[in-house]
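Presented sequentially are two complexes of chain A, the first with chain B as partner and the second with chain C.
And then the complex of A and B:
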């Protein structure tokens, strides 16, 4: 009896030890490059940071946060980002839903379509942006097509009125297929019996769509919208490449993350950049947590 | 079957093919430009078949920008190492969280969940400062070490191992294997589907990553391809034939991987999309 409990105790210790060993790489990396940075960010946002030579800090209290309010470029970046989120998220969600519904129909070649549609999401943002800049060239493909149909043409890269729209079009095109695949997976989960029962009750195709499919897709739609908001809020690569890092023309493609990058690495104003980051992070985390609350509950039932 | 519409199949096909064209045109247009001469590029025509087909651009980019091969190498080496360690570390952590009993298991799991909520931007600037003080700016380890574990995939692996048949491990324990032997000899070889989805995601993520290398690498010799491409664009802004050729060279490896593994890729999306 004592021998057995001694044995079990040894085994438990061994088990615990191996558990910690399995976790060690993760704990070290997440500790140094995630937990520490988060704490560091919070502390440094209250400091003025000197990046040149040896990095040094000076406590400045809430000064960085006070500055945000009067910063004209923050207002512009916020306006651009909000506009971008408000236009891109609904359109890409609807497009993803439409494509998923079309592909969910029992047709030949659907997996081929799915693989083809998905292509932009695996292509790098840098390459996509370069390809679209080439298409948006003032004597480029898009303008040629527009003038062929006698539609107005634009200087997509240089006109502040349309530059951000160019990025919107590109990213809707690039992101919708990702969400389409998630919608498609959700559509597989709709119980067939519901449709059969509805058919017996004499429901039409549209009736079934409104009363069965759509309600069933509500949680996944919520998930997709929130993921879309989080993703669009973080727009950086495309704006950076499009404008050579300036956010131009005339600040038209300046986003919050691009502004943070500029303050940190062009103006070397790290403390202020971190204060901005914290505000952005707070917004994103709020959205994420709300999503987890809803989505987590929906999923677990 | 699961068809909400009774609309005509023909209309559906036309719509799908139309969208397929919209998906492919930018790629084909870029590919076409990569085989055109500068004169043809500048004239601004809309022909997809080059008037004078040339391979010159592909040769020229390596001559004009001698670092091009170097960037390709940098991207590949970083992506491969990052992928390897992610597979190893994420599986180890996921397995421990799912199967090994140790004090703090629950707490660490909640920590991983909390990590998932932290947006990448918040850690970027402090990460830069930490890498700077480590002397890791402009080094491979500066790009690799911070990204060798991924909370999303730790979570995914945990879910995968939770559903893993216990009997196999019990049999391994009876054979006298310890946890490590069990993990590496019995469990990991059977986790291939989960690992495949992860491989593609991590590799593509690292291969395409823009913001971190932009911040970490300032020495042109250490650029990865996306950063190099952007620098190249700045220098040759009117040479779209070069830029498109360079873009195609960069896209090809990713495309090859996607062509071979797209099944796993789509499985991976639905997994991370649905559960994370």
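And then the complex of A and C:
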């Protein structure tokens, strides 16, 4: 008996060893390019780093984090980013769901619509932003359409009141289709028999949607909302191109990641930029945890 | 030897095989050594990085470099154009020790790089025959720190008032404005709303709400951008006074416009399209306007006086050498060639900027060209766009708040106070 368990134990160790051996290349690559930078970032966030010329590190304790408190641009960037997340994530999720439901219905030319809807996602965001900047031009398409319907027109690129809205519209339009495809795939998985049974019990179309489709899509929705939140919190390229890297007009398009970029590469204040990065990571983690509570302990499987 | 014959043969064969490979290896080694020694005479390559304003400029520079390579056959110049976020790229490369040997540097970024010691001081390379005294002294000062010269100005430009002569004729204006009061008046007369939709179709003047363009407005009434410790100090009544004129024109008179108000990317584009009748621009706009808007009729005058004094901005760019460069002598030869009297002459004919050597400017008669004369005259009283190493921080903060005052979100006085406080807090923390 003891001999057998001994044998099993040894075999287990051996199996584990060979398992790790197989994983070594991946572990090394991930370690060097993922774990090490993360640890390094955490360490450097407590230092004052000078990179240009004489490289030097000076331990400054919590100074970088204290600086965040009084930095009004951080507050503005946080506010902008929060506002952006709060508006973009619900709209793009609902839009994705709506599009997916429409495409799941038996309509003619379904695949054509699928391709057409998906196109914005495969286009590079830099190109999209440039195209949208033409649309948003004071004499551009959007203002012409608005004035045709006698609606007020805006200086989309120059007016701080609306500049962020412009990026929101652009991003919703560009990312909703990606999530639509995920919803669509999930919708195909809903067993037909459930709907049949519901129909026999006399359920209406709405009833079926609320009681079968939506609950079935819950794990996917969780995934989509998490991905949406992470993606929107990390908004960078659109506002970078929009404002030529400044976050203007009047900080209206300044996001956290853009601010981090400015501190890291314009001011070369690496320590402070890394402290901000940690704060951003903390914010995203908190939001995700809150959301997990909201959606319950359900898992994706 | 009771080994079977075949075994010894194999062993012999193996030995043979090993020795053959050894021979081959040795041969390779010798050959490569020889290659290396031959390489000593092969051309060395140095990199020159900069931005490019237009294809013509690029062609001119290429031909000057070609002349250089003919004169110095053992030096090859690799050109590299960085057009987007130039300074971010250069700084990152300097940190990573992969920076170019020679690169462009704008005066306003110079203090920081000079202080951090990544630039090679050029004093030791300069010979009397190079004639350093020929350069405009104020431009040289921009690249000096503690008695050391870190860059040779390649060219410069001031700002001057561009005005649309057709629009002036239509408004029955004979002369360009001489004072800012006249300019304000002219701008009113030049603002027209042909389709009467309440939004002017042509504004009197364009405005670039950025610190590089507005610094002389701050100084016009005795204001100062920064104090002697490089902290921002522009929230004084004197500094605000000049800027207030612009805000009034924008908000009260509604006779000036930003480029984005009229759907343009820049003031020169808006000016070329006829959406603004006046613009305060630099020499670079002249070739652009001539090429892109050949039908446009325009003239140039000095910037109108403010508070009875003349004032304008000057922008200059220098060639600097990377301290980590492996071929410093070759790098200096390139700088020397590009900024020599002949090199500068062939380069400055493009008209994007004015030559920084006085003798070249005189030889090319820029002071007698009707378009360039106001720009050349401006050099005598211009403020060079440069301050301490805190300038980028001060600028970001100023730009953000100035535009909000311009758009009427807050009074200019409060905006400037806020901008100054934000900038100074950031400067304090980063020290």
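Please note the rule applied: the second predicted complex is superposed on the first by the 254 of 301 C-alpha atoms of A that agree within 3 Å, B and C clash if a C-alpha of one lies under 4 Å from a C-alpha of the other, contacts with A are read in each partner's own complex, and residues count from 1 in each chain.
In this text, a residue touches a chain if its C-beta (ideal position, glycine included) is under 8 Å from a C-beta of that chain, and two chains touch if they have at least 3 such contacts.
A quick note: this is a predicted structure, and the numbers were derived from the prediction, not measured.
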item	value
Partner chain(s) touched by A:268 [first = chain B, second = chain C, both, neither]	second
Touching partner for A:132 - first (chain B), second (chain C), both, neither	first
Partner, of chain C and chain B, that touches more residues belonging to chain A	B
First (chain B), second (chain C), both or neither touched by A:53	second
Partner chain(s) touched by A:19 [first = chain B, second = chain C, both, neither]	first
Which superposed partner A:160 touches (first chain B, second chain C, both, neither)	second
First (chain B), second (chain C), both or neither touched by A:205	first
Chain B and chain C footprints on chain A, overlapping residues	137, 139-140, 265
Residue ranges of chain A touching chain C (in the complex, touch as defined)	50-54, 63, 67, 70-73, 137-140, 155, 157-160, 245-246, 248-251, 262, 265-269, 272
List of chain B residues in touch with chain A within their complex	1-7, 9, 12-13, 15-16, 19-20, 22-27, 29-30, 33, 44-46, 85, 88-90, 92-93, 95-97, 100-103, 105, 108, 111, 115, 117-130, 132-133, 145-146, 148-149, 151, 154, 178-180, 183, 204, 207-208, 210-211, 214-215, 225-227, 229-230, 233-234, 240, 243-244, 247, 250-251, 254-255, 258, 262, 265-266, 269-270, 273-275
Chain A contact footprint on chain C (complex, rising order)	85, 87-88, 91-92, 94-95, 112-113, 116-118, 258, 260-263, 392-393, 396, 399-401, 403-404, 407, 409, 422, 425-426, 429-430
Complex interface listing, chain A residues touching chain B	12, 14-23, 25-27, 29-30, 32-34, 36-38, 40-41, 44, 55, 99, 101-107, 113-120, 122-128, 130-135, 137, 139-141, 144-145, 173, 177-178, 181-182, 184-188, 190, 192, 195, 204-206, 208-209, 212-213, 220, 223, 227, 230, 234, 236-237, 240-241, 244, 257, 260-261, 264-265, 270, 273-274, 277-278, 280-281, 284-285, 288-289, 292, 299
